[in-house]
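Shared between the two complexes below is subunit A, which pairs with subunit B and subunit C, respectively.
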Partner chain A sequence: MIVSVFAMLPTAAPIASHRFAALLHVVHVAAALLSSVRHAALFVTSVLAVYLLQPATPIAHLDFWLPSASLLLVVVVWCATQPLRLEAMRETLVTAGLIAGLVLGIGALGITTQLCCVVTRMPPPNILVVAAAVAGGVLTCILVVIVFAGHPARTTWLVFALIALLVAVKLNWPISGADAPQAETASPAPPPTFATIQWLGFSYIAFRLIHALRERALGKLPVMSLREFMTYVVFFPAIIAGPIDRVERFLKDLRAPFIFNMSDLVEGGRRLLIGVFKKFVIADALAIIALNDALAVQTQPGLWAWVLLYAYAFRIFFDFSGYTDMAIGLGRLFGIKLPENFNRPYLKPNLTQFWNSWHMTLAQWFRTYYFNPLTRALRMRNIAPPLIIFVTQTTTMLLIGLWHGLTWNFALWGVWHALGLFMHSRWSEFARARFGAQDASKLQWVTHLGGVVLTFHFVAFGWVWFALSNVETSLTFFRRLFGMP
Partner chain B sequence: MTLERHSVLRIVVKALVLFVALNVAFALVDFPANGGVAALGRLSLYNTLWPGRARLPYGDDPGRAYNLSLYSLEAMFASHELSRGAKPADEFRVLLIGDSSTWGWLLRNEDTLAGLINAMGLTTEDGRAVRAYNLGYPIMSLTKDLLLLSHAMRYQPDLIVWLVTLESFPADKQLDHPIVRHNAPAVRALIADYQLRADPNDSSFVNPSFLDGTFIGQRRALADWLRLQAYGALWGATGIDQYYPDTYEPAQRDLEADASFKGMAPPLLPEEALAFDVLDAGVRMAAEAGVPMLIVNEPILISQGRNSHIRYNFFYPRWAYDQYRELMRKHLHLATTPGDVYYLDAWDLVPQGEFTNSAVHLTPRGSTILVEQIVAVLRKQMLG
Partner chain C sequence: MNSNDITHTLSTYVTTQILKQPKRILKGDEPLISSGLIDSFHLVDLGLFIEDKFGVRIEDSELNADTFDTLDQLVVLIQSRQ
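Right, the complex of A and B next:
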């Protein structure tokens, strides 16, 4: 009822009657209430999702501490970037209290054996330790407010701290025999193994926080409440695999009155179903035959190796874009229009266009906060343009590679694409000078098709570095692709 | 707004109608008579897009074995190289039926009994090439063997080699296996046709309802069928169809001082406790089709460890196994009539060092020893 009457407002407004004015008031109150409920629901669900989606870790209680650290980082960055507003103090204290209450509540679940693992995978730590940590978090936030208030330039410290943390998370850490899961068996403690820290969504959280810090340093960060900022950073549909939204765009949707309409429901549901189909039907089926370390060695040279490679190329696309569709669809159901992350990347005729249509929000983030500033800085030093392009593209792609993990293979994947982008930019320059407008010939569709095939295969070869864990296995697989044993 | 809502309603109603229609149609066309996806199971990417499998699909670790267990006999046989096409005129077709030792547990395909026979490049007197097909399945039940044999008869065998062991004989365990339970109609037909002693109304049979036959009801069978097709690519790419661990627990040599066998105590192993009726049914099935059969009492580990004076191995106390051999001999009347049924008692053929992780699983060398003996019988009795 509220929905349909509210939707009629533009046409009904001119009708001046007391009854309608009263009804209008009721509708406004109801819509505001609905928006408020929606916002509160998004906030609580997103905070809980940080814990619920965190995978189990081999180190005790880490599946509790990592999500808690995510929340603390969000609060710290908010404290460092937002002006002190006394008029909003009550709301801030309520939100902070709610966050602390949720953390303590999840920690308190450990007291009961029946409920201990309802939110976290393993029993949470002792509640007193959790309470002490919450108190420590509160003190940290107070300290941050004191240190950063009125000093936007100091936010750079936090950017570096987040980058350092991101690097630490991506490193392979030794897990001692006592910490390893096998220690639960009666067999002797195994030798230390190495693993990265499985911190759910941290790569995305860190990038959203750095985005906020840089915008603050540039004086472009909008004023927002802690609840809004927390919802933006840990927005549950986008926490696992993005997209990386811009905060001011996100706030626009979040603050807009929530009008539940059928088109959002249909479009959101459609994207959600498409995403589910792409991820759980196509990608998961392709995952069976997609390239991996074991298959790279076991497969016979020649045709079969190509089957595995193509399967991987399409698997990673359907997996990732399926997640994005689900995130966009879910967001739409809650009135948030998350940005697109893919635009038919495998149908692009060159690598530059591929990177404008693959993981678009990540590429945009790097363009904004690394590529463009570096390009500007190098131009001011009178360096030759081709060298600027080479340096900026190589380092950008290297960083994008390392963002996925600090391994030689991810670095090589980044360099592979950097070289491809550089070659394409040089070829474009050459072709423009040499052929000019001749490109618009009758054979344009042939060159377009050739470009699509060539670009797809360049990207697919790049996936060899991405999919496999080490250089030796990758080289073995490249040999198999070309029929060499 | 109203229009949009109306459209959504129409979409939902249409989707529901289509969903119900699809489910009913699926149940009518592909009722899960035998292990699910009966008609659909015949459709296969094997032998077209992927090479046919050298042994029947089986495995509980698909991620590493590129193989999986399913219940649909149609899908299983469709994935086997036996379904490659019409039987070549110059082929002498040998089907090997049996348990995991025939299937080739821990053995590469080239080291299984079928693989070794094929590697020998045998020919018959009339010049036909002997081609062996591995139809072993890692379940110890003669009824399971009979079920597979009945399905395999459509592939025009020239000879059937049936490898058996006492563990497959206990009458009360014949129906205790998923593949038997999920193929109730086919097993009931065998019970009726060959007057087997098994109860056709045994509670362990899975009797699908109409709802079980719908698309939703058959989701497990459909998923298995789809996964079987997908893993075919990896089978084709790697030639791997089981997981080979770096190490395994060797078959037990030191044994418990326990003389019982399946709840039976010495001194007498009652003949009626063993499913000789199923063995007879297999012999009859082959005879009715005019196909000779070689029954092999497969080699067992004869351990020399602790308590080996009581038991031969983990499976068999000596008294029970010795009586089983006597019963086999008596039952088959030492049959050596040409064109009929042949019997090879290979129980002590393989030395104990040539067993792997079970008292019936052979090493490649152990398989070779057995194959040499089987081929010797074939040459003498059938191939000339």
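Right, the complex of A and C next:
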């Protein structure tokens, strides 16, 4: 670049060109330094965010162990998927040391009463236990390197292990009073209650790790440092609610020279403000009247039930897309262009297009690692296409439903959308064969508008399953929507 | 096979096998995926057809509007891998 700029300079000004080259060199060094500082800052902030954003848990010390387990899983998957590069050993050891140091440092905060809860919600466990756990983590990583080096097919074991862990996390577990930190009081332990484990961002972390493992098995995973991989998986703007980026795309931005520019600053700031407004003004205001278990049983049949339903439909959109806007805006400020997750989903004329524009990165993840391979495999056999579409769409949507939680209502929400997608696919097939695209041109805007209204209401009815906790309450609310007690 | 031949082969496949509208003329820059014209199932079918016809593999992760959304973009992708 310097050479090409020199060529453009007039030869009659050697001193000026010399100064210009020196200036360019300074700019290059500054940009490299800035990129390095940016990467280090993103890495440390993201690792700390895993602890800082973890909610309090009813089981003692779990708010320390869960984030620590997230970090260990990232390191384990990195060890299982990356080739052993001696030339990068120093950098790897420094990064691993930094991660271990941060974990030990957070654990050591428990020694002081003033600083014990600066990072975690509750005091961390005994520092000796933390040190033993870090040593155990190091041994695990060494074992993983030995077992997985040169065996990409073995990464499938880790995929199944992560899926099993994801299922376990989403199950309802009995939590007895003896597990709670306040159990040291003299009062008898309360009866056990059931709850899922609130593991911050684990659904997203697991899906990014599975993405890396599958790409490794396919031989498509790029070579990257531990620091780059850790930053990708626990990137702090996207840890709570996505989007689920692809690692090769993320690395492209992370490795690009970082230079502050006004357009990134303005666009990032704009998206951040839009996200804050959507989430904390619109969504939080709508939450007051949005459908929930209590309101569903209290409301009278008729108009008010519809208000609850519409409020929930818009609340969930503004809440989720607001989080996405904040994540994209924050990422942009640091030079990372996270993928879009929403594209005006409530204005789509059919359910297929709705699912191309709602939680797009999750839908694309399922298409890449489940729907497309399954469809490909079934197409190789002599099975009727409608049956393949039914099986692949139903199971995909069922899995997307269960990804949100292992309940009957999430399963029904998935099946509801699967049936809608199947009906739309059959209708499209029927209509295409009988009505050409041009034939409908005069009535196109009418059919488009009708499609938007119909699709929105199909999605809104689906939210009844999603918003409420059990089938009985959902059926009661459906009755109230249509004027029945 | 030049780009015109590839475009013609792809266009014929999409209009006859996927859209079931053989008389329809697809423009090279007409959005296929983002417009909902081709759904997820038929996208896999299109990928299998391309593999079979042109000997070019399109990965499961590439079957989306970000990788290609029009016939023109698909032709460029196929030619870059042949």
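Going forward, the second predicted complex is superposed on the first by the 457 of 485 C-alpha atoms of A that agree within 3 Å, B and C clash if a C-alpha of one lies under 4 Å from a C-alpha of the other, contacts with A are read in each partner's own complex, and residues count from 1 in each chain.
Heads up, the rule we're going with is that contacts are C-beta pairs under 8 Å (C-beta built on N, C-alpha and C of every residue); 3 or more make two chains touch, one makes a residue touch a chain.
If you're wondering where the values come from, they're calculated on a predicted model, not measured in any experiment.
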Check whether A:220 is in contact with subunit B, with subunit C, with both or with neither, and answer first, second, both or neither.
second
Counting residues of subunit A in contact, which comes out ahead: subunit B or subunit C?
C
Examine A:261 and indicate which partner it touches, taking first as subunit B and second as subunit C; both and neither are also allowed.
first
Quick one: is A:41 in contact with subunit B, with subunit C, with both, or with neither? Answer first, second, both or neither.
neither
Kindly classify A:372 by the partners it touches after superposition: subunit B alone (first), subunit C alone (second), both, or neither?
second
For A:350, is the partner it touches subunit B (first), subunit C (second), both, or none of the two (neither)?
second
Between subunit B and subunit C, whom does A:300 touch in the aligned arrangement: first, second, both, or neither?
first
Tell me which partner A:84 touches in the superposition: subunit B (first), subunit C (second), both or neither.
neither
The shared contact residues of subunit A with subunit B and subunit C are none
Which part of subunit B faces subunit A closely enough to touch in the complex?
1, 4-5, 8, 62, 64, 226-227, 230-231, 233-234, 236-240
Per the contact definition, I'd like the list of subunit A residues that touch subunit C in the complex.
215, 218, 220, 246, 348-350, 352-353, 356, 364, 367-369, 371-373, 375-376, 379, 385, 388-389, 392-393, 425, 428-429, 432-433, 436-437
Along subunit A, where are the residues that touch subunit B in the complex?
4, 7, 261-263, 265-266, 285, 288-289, 294-295, 298-300, 304-305, 307-308, 311
Subunit A touches which residues of subunit C in the complex?
19-21, 23-24, 33-34, 36, 39-41, 43-45, 47-48, 59-61, 63-65
